[in-house]
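Common to both upcoming complexes is chain A, partnered first by chain B, then by chain C.
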Partner chain A sequence: MVFSSATFLIIFLPLTMVLYYLVGVLITKSTAVKNLILLVASLIFYAWGEPIYIILMLISICFNFVIGKDIDQSKRMNNRRKAKMLFVSAIVFNLAVLGFFKYFNFLLENIANVTGAGIKPLNLALPVGISFYTFQIMSYIIDLYKGNIRAQRRLLNFALYVSLFPQLIAGPIVKYKDIADQLMYRKENWLTYSKGLNRFVFGLSKKLILANTLGSVYAAVQEAGCDNMSVLTAWIGIICYTLQIYFDFSGYSDMAIGLGGIFGFSFCENFNYPYIATSVTDFWRRWHMSLSSWFRDYVYIPLGGNRCAVPRVILNLLIVWLLTGFWHGASWNFILWGVYYGILLILEKYVLAGLIKKVPVILKWLVTMICVMVGWVLFSAPTLEVAIAYIAAMFGYAVSFVDSYGVFILFTNFALLVIAGLCATPLYMSLSGMLGGKKFSKVMLAVTPLLFLLCIIFMISETYNPFLYFRF
Partner chain B sequence: MKPKNYLVPELLLVAALLGFIVWICILNSGGTQKSIEEVSAPVCLVLTDGQMNKKTNTDAIKSFGIDLDKTEGLVYYANDSVMDVSEMLIVKLVSADDAQEFRTAIQNRVTDQENLYKNYAPDQYALLEDCIIKTSGNTVFYCTAKNADELYEAYKKAL
Partner chain C sequence: MKTVNANDRNIKKAPDQNYGPFEFISAMTVTLMLLLVCVFTLAGQDREYSENENRNLAGKPIFSLSSVMDGKFMEDMDSYLSDQFVLRDALVRTRTDIDIFIGKREINGVYIGKKHYLFEKPSEYDEKRVKRTTDTMNGISAAYGEIRNYVAIAPNSSEILSDYMPSNAPSQNQTEQISKVYSNLNGFTCIDLCGPLKNADDPAALYYKTDHHWTSEAVDIAYRKIAADMGLDPSAYSYDNLAVTNGFQGTLASSSGIFSAKDTIRIPTCPQDIMYRVTYVNEGKTCTTVFDQSKLSEKSKYDVFFGGNFAQIMIETNAPSDRVLMVVKDSYANSLIPLLIPHFKTIVVVDPRYYTDNVQEIIEREEVTDILWLYNANTFLNDTSIYGKFN
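Right, the complex of A and B next:
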């Protein structure tokens, strides 16, 4: 089920909210009942469409819950050797699940390509959200082993942590230590509810009004093919995709955070206006922050982080970015995308640091955006060949600089690009500051229902359109 | 306090995972290397005269809102009458990863049709309720018809 579907908006969400507030908050006032309602709702949400993979998630939940208790017990009994063995087993289990369902086909394909052997692919569908929930589970196991948290004693709470529907299939990746207390005790009130609802509607409008409209422009550009593409068309296409992926993914994160607020949870932020970044390092501090902080805390720092000799730091950065790319998908495009960012970050850190300080901010921003957009070509292209052809078209290896199609899509989408561009900046926050808190709240009270109505109109007129990050 | 022994449940859950992997591999082994034409030809032979007519890919996009780029090919049949909901769609996907997306798109179409026919054509609504949506590796089969079971059997044999 997706947040931007009629089933979710008209049936699932209202029903879950009514049950949660009526039975959980008003009648029983019990966190256990509230958690049970959310768990059942989350399992239905996940099972919608492809119910078979719920078995995999439940096995994973049960195994990690049990082994988590075992690790905790071993640590309390000072049996470090056993705790270490259990920790390694849990990590191997989780990586094996992720590896088999996400990467095994990729491995088979590459073996077949290299050896020429007629190996048949497995044709297994990727379980939705497996990368997200496996990383959440691993954060629990790692923090437990490191002694940062105690084991969750109730299976219900642990199952809810893993499967909580707002963030289950496309993040943010919520670390257990950030949410453990909220699983045991949380207080819902009118403020968290209304803030959550507002945030949800804003996220929904980012997805339905902006991301999908921008996506249709990029799809049209892609359909035209790279062979006949002008430089102008290539740039308009990738600018549209750059904005589309931001509004799509940050829209989903807004909806997730908003839904969390409705049910009394407070999730970490996932975006902080990434397109105002003035360096690639800055961009990655603002983009998919929950994933970046996961890799920082659980891979980069354990590898030694910055506190090593320069060659070792470079190796650490390359490992982290290779893994970041690979996390996004079993494809050479994603691996190359990860390595591309690894190299850019190393260059910024060790080669261009002095130069960057002297360059005007606007130029830094422009260069950063060009680097980011080249990255998105690698990310979005179906194959490496298409990506290379598209990048070549962007940088002049095209039939012409300007063509009638490029001019046509520029003029027909100019207003959309300007509005989307402005919406990707903190202008909204500046407006809030200019109008003052109370006045702004009143304006928002009127704007939110209108936006929701607009979203419904867009939803009805559009075909099925899943989130871009669903495939991860 | 005596420490609890978690080894048995841990081993049982690892066994459950292995069992699930084997089961899902068997379940998805039905994916085919055949072309969409090879798969659909024997199924179309089961269609009765005038039951459904072949439609274009554009018709399929209009009806289901599917992304053609994610398919290796598709075959779509539907009845021309607005009073008949019979239709059949067979899709071969580029990647089995997209099967769920296609199933959801089909399910949305069925829900829309059910809402349309529920009150004024109960016989057609009953057909929609009994529709078949099946995934087999990289292929998706959908059929709403009186002889949907028969068509599905032909499809299974054709894979």
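Right, the complex of A and C next:
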């Protein structure tokens, strides 16, 4: 199920909320009951999209729950060898599951391409959310082994941590250590509820009103193809995609954080206005923060981080960014995208650091955004050839600079681009500061319900599907 | 409740005191909306058919183990809930209003023009595809030297009403495209319809606002030009156009979801002294009119002409003529063919998109003397069905 679907909004969410508050909060007042309701809801939520792969997730939950307890116990009994062995087998298991379902096909394809052998790809469907929940589980196992946390004693709570539906499918990647207390004890009140629901509506609006609308412009540009693309069209297209992916992803995180709040959880933030970044380093401090912090804590720092000699730091950075790219998907595009950022970050750190200090902020922002947009071309193009042709078109290797199609989509989407651009900046926060808390919240009184109404309009109208003998 | 995350420190957050009674009220309003939508959608009466979308709406999904396992149940549930959503049509209408308000001028491949005119996206000229079609046509003219060959390709509204197109909308020069097609053809009388239509007194009346077809006004002009080029005498046949409906909302309205305008369909009267019989060959149906009144109460009212598109239709008349005409056509021809009835002994109408056999068989059986290829530019340029039917 996705948050922006009719089933979720019309049935799943109202029903879960009513059950949770009625039975969990008002009648039994028991965390165990509340957790049970959320666990059942989460499993239905997952099974709705993946009726088969839910078994895989359940196996993963049980295995890691048991092995986690064993690791904890061995550590307490000072049996280091056993703890290490268990830890390694847990990591191998989790990576093997992820590797098989996400990357095995890619591997086979490449082996077939290189050797020319007639290996048939397996064409396994990727289990939804596997990259997210595997990373959450690994944060639990690694922190257990490092002795940062104690093992979760109840299967119910551990299963809920892994499958909690607000962040199950697209993050944020919540580390176990950040949420362990909340699984055991949390207090819902009207404040967390109101904050949560309002945040959910903001996230839903980002997804349904902005991201989907911007996405259709980029899709049209892509469909028209790179061959006849003007420079103007290429830029409008990639600006639309840049905004789309931000609103899509950060909207999803907002919805997750908001839903968490509705049920009394407090999740880490995932985005902090990435498009006001003035360097690539800054961008990655603001974009998908829960993923970068995961890689920092569990890969970069264990590798030695930046406390080594320069060549080793560079190697560490390259490894982390190769993995970051590969995490996004089993395709060369993503690997290239990750390495691209690795190189940019190394350049910023070691080569351009002095220069960057002298350059005016606006120019730094512009260069950063251009780097980010080129990155999104790599990220979004179906093949490398298309990506290269698209980037070439952006930088002048095109049939013309301006064409009527470019002007047409610029004019007919101008208002959309301006609105979306403003929404990607902290303008909303500044307004809140300018107007003062009370006045601002009076304005917001009308805004959230209105946004929700708009969301419904956009969600339903997207299913408008006339039956036509159009060509006849 | 504590949040332990190093990243959180840098984040500007609206201070908590902002979440006072107002946020509570707005959150409660949203909660109420959620619950109301849930209740209304589940308790409401299911609609079976959507007039605007011209299709049956999804009904309650059927629960079974297999439909759950392959995910069909979940998909069906989603379409059921959105199809049966309260005030669905009104919500869709509001969406198109919003889109137009913020400046969008293209919805679902339809251009939203000025003065309520909607436009089909003009087709591009694909050299290879067109050449295959014109080669097929040349093959026919070469094989039957004694048959007179005519071709008339009508421009679409984007060409004639370019002033009404949204500013900067990508267009095609159809006059050029059509003459390029004509220059590929050998042994044909190529009938220019662009000129006469462009010179019309009231170009705005030539096309429907909400549909991709041409109106009876355009057909009038085209008929006179075709008749002149084919050596027929249009003055022998005087007719009136009678309005049969003024509530026509065609394919472009449906595609875009914009139902702000309505069109009038007119049909020509038939001369008193001409009798004819219409046979729908594949359907085995015979009648004495080319009009199907029942279509006027349906969505696609343009189908009043011939009841729509059929593979092969024979019209036998008592007209004082020895000529036998074969029309190879798309739906633009449906409204023009009625005017040709008084001029021919027999008219065979073939629509290659539905006709699957070899057309030569008809030419020889009916002893065809004239062939008219009658298309609109968008359909002709995209056609892939002519090729292969004539060899």
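Just so we're on the same page, the second predicted complex is superposed on the first by the 461 of 472 C-alpha atoms of A that agree within 3 Å, B and C clash if a C-alpha of one lies under 4 Å from a C-alpha of the other, contacts with A are read in each partner's own complex, and residues count from 1 in each chain.
In this text, a residue touches a chain if its C-beta (ideal position, glycine included) is under 8 Å from a C-beta of that chain, and two chains touch if they have at least 3 such contacts.
Owing to the predicted nature of the structure, the values given are computational and were not obtained by experimental measurement.
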Simultaneous placement of chain C and chain B on chain A, clash or fit: clash
Contacts of A:Q73 with chain B and chain C, given as first, second, both or neither: first
Which superposed partner A:S5 touches (first chain B, second chain C, both, neither): both
Partner chain in contact with A:F401 - chain B first, chain C second, else both or neither: neither
Partner chain(s) touched by A:Y350 [first = chain B, second = chain C, both, neither]: neither
Chain A residues touched by each partner, larger count belonging to chain B or chain C: C
Contacts of A:M444 with chain B and chain C, given as first, second, both or neither: second
Which superposed partner A:C62 touches (first chain B, second chain C, both, neither): first
Superposition clash, chain C against chain B - the stretch among 57-65, 147-155, 237-245 or 255-263 that is involved: 57-65
Residues of chain A that lie at the interface with chain B and also at the interface with chain C: 5-7, 48-49, 52, 463-466, 470-471
Residues of chain B that touch chain A when the two form their complex: 3-4, 6, 9-10, 13-14, 16-17, 20-21, 24-25, 27-29, 31, 33, 61, 64-66, 69, 96-101, 103-105, 107-108, 111, 135, 137-138
Contact footprint of chain C on chain A as seen in their complex: 1, 5-7, 9-11, 13-15, 17-18, 48-49, 51-52, 177-178, 181-182, 186-187, 190-195, 197-198, 201, 264, 266, 268-269, 272, 285, 289-290, 293, 403-405, 407-408, 411-416, 419, 426, 429, 432, 437-438, 440-442, 444-449, 452-454, 456-461, 463-472
Contact set on chain A toward chain B in their complex: 2, 5-7, 48-50, 52, 55-56, 59-60, 62-63, 66-67, 69-70, 73, 77, 89, 93, 97, 100, 120-126, 128, 382, 462-466, 470-471
Of chain C, residues touching chain A in the complex: 1-8, 10-12, 14-20, 22-31, 33-35, 37-38, 41-42, 52-55, 68-71, 74, 77-79, 81-83, 85, 88, 91-92, 94-96, 98, 102-106, 166-171, 212, 251, 254-255, 257, 300, 308-309, 330-331, 353, 379, 382
